[in-house]
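Shared chain: chain A. Partners: chain B in the first complex, chain C in the second.
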Partner chain A sequence: MKTVILIFVILAGGLLLYGTMDMPAWGDPNSPANTYVSPRYIEEAMEATETPNIVTAVLADYRGYDTMGETTVIFTAAIACALLLRGIGSARKEEDES
Partner chain B sequence: MLTRVYDNLIVQTVCRVMIPFIQIYALYVIAHGHYSPGGGFQGGVILTAALALIFLAYGQGPAIRRMNRIQAVIFCSIGVAIYVGIGLYCLLAGGNFLDYSQLAPLLHVSVPRARSLGILGVEIGVGLAVMTAMYSIILDIAGQSGNETQSTDTEPETGPQTANRKPDSSQ
Partner chain C sequence: MLEFIISKYNFWFYVILMMIGLYAMLAKRNLVKKLIGMNIFQTAIILFYVSIGVKAGKVHVPIIIGGHGTHHAIKAADYLNPLPHVLMLTAIVVSIATTGVALAVLILIYRRYKTLNEDEILAIRQAGRETGA
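Coming up: the complex of A and B.
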């Protein structure tokens, strides 16, 4: 059974490696990922936002909705920790017992 | 659970000297995110490091005296509300959600400048939310449960009370 699993893993890994052959070279300026909106960000970010750091401009302005989601994730983590760990339930049980 | 306070002069003195510089550096990271690597997330975590140093070196009581659990959650909500509020203002002013160019008439600046200030505004909101969220998690995980107003190191009457609460605070 382990041999069969190993063969399947090797086959899947080989398939994935074969799939990477079609990918464009890393950092290729003519690849689809780099010709869609990246040139516009690089050329217009400074004029449009007066922010020399393009990363910040993309993070907080062009992709502001995504960053709002990230902030909400952190907020949710804090709220979940507070609800789970602050012992509200045990305090209520203590009142019921007394 | 962290119950023993480091009663160590060297640790406490070094922390007292370091904490203002850590906080200044964190504000620099937040405010300088336009020009260098940094921003709200990174600066907020560095601000949390200052609060965590207080927590570790001086104990839970002094840390809670500066910001308690309820305040941490409230400020975290305020941080998210700053972000969403800026976005909603842009929506109500006639633009898209989080379209900072709608802030230009409000701030009496040009449209690119308004976008820059909008980015700064949401970074401040993110920094506030991250700082208080991480601090709240530290208090919840490492702190003693309950006893919101009691400090662990000064009042002598905390001894018997914490001893009474031992069964349910052991979780």
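Coming up: the complex of A and C.
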């Protein structure tokens, strides 16, 4: 079983390594990721949002609704943890007594 | 050839990290080790995305120099790409949430079965089914 998994992992990794052959070079300023939409954000974020930190401007202003949904994710995780671990300390105390 | 390696080797490290994480998720029998493998996998993806936003040369982090006092034109070539950083901030939040819930579930599994080994848990469940419990 472990050899099957190892072969699968190596196949997946080899496929990804093959995929990196077409990636733009590391740090290339003219790569698609650096020239398609990001210049607009860098040049206009200060004017549009009055926030010098562009990451903050995008996170809290352009993508404000996404960040609000993200707080829902954190809230759901916190509620799930609280419900799962509810009463776990008192249960241990009962075990000790019995 | 050397130039090719220098321009790509960071991606290869992330692929290796991803393979380590995937192998741990699939092959390890301890549930905590599976969870650690998932975290390694997520870290590989995050590093990959952040490295896409790098621009070589004399480039600043994506914080406007001079802050609110600047009135000169901002050139995009002077700053790193901020968008991968923002996306990975979201991914880190999701990874924290999933890790927290998974650890809570693992605590409950350990309390019920007194082990975190997948095979032992399955054996205990099989034995319970045969006795009709």
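Methods note: the second predicted complex is superposed on the first by the 69 of 98 C-alpha atoms of A that agree within 3 Å, B and C clash if a C-alpha of one lies under 4 Å from a C-alpha of the other, contacts with A are read in each partner's own complex, and residues count from 1 in each chain.
The criterion applied here is as follows: a contact is a pair of C-beta atoms (placed from the backbone, for glycine too) under 8 Å apart; a residue touches a chain by one contact, two chains touch by 3 or more.
Predicted, not measured: the structure shown is a model, and the values here were computed from it.
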* Between chain B (first) and chain C (second), which does A:50 come into contact with in this model arrangement: first, second, both, or neither? -> both
* To do: Scan A:77 for contacts with chain B and chain C and give back first, second, both or neither.
  => both
* Asked: Which partner does A:65 reach: the first (chain B), the second (chain C), both, or neither?
  -> first
* Check the residue A:12 against both partner chains and state whether it touches chain B (first), chain C (second), both, or neither. => second
* To do: Answer with first, second, both or neither: which of chain B and chain C does A:86 touch in the superposed model?
  => first
* Structure fact -> Of chain B and chain C, the partner touching more residues of chain A is C
* Structure fact -> In chain A, both chain B and chain C touch residues 50, 52-53, 55, 59, 67, 70, 74, 77-78, 81, 85, 91
* What residues on chain A touch chain C, complex-wise? -> 1-2, 5-6, 8-10, 12-13, 16-17, 20-21, 23, 25-29, 31, 33-34, 37-43, 45-46, 50, 52-55, 58-59, 63, 66-67, 70, 73-74, 76-78, 80-81, 84-85, 88, 91
* **Residues on chain B engaged by chain A in the complex (per definition of touch)** => 33-37, 39-41, 69, 72-73, 76-77, 79-80, 83-84, 87, 97-98, 100, 112-113, 115-116, 118-119, 122-123, 125-126, 129-130, 132-134, 136-137, 140-141, 145-146, 168-169, 171
* List of chain A residues in touch with chain B within their complex -> 47-53, 55-57, 59-61, 64-65, 67-68, 70-72, 74-75, 77-79, 81-82, 85-87, 90-91, 94
* Touch list for chain C against partner chain A, complex -> 6-12, 15-16, 18-19, 22-23, 26-27, 51-57, 59, 62-64, 66-68, 70, 73-77, 79, 81-86, 89-90, 93-94, 96-98, 100-101, 104-105, 107-108, 111
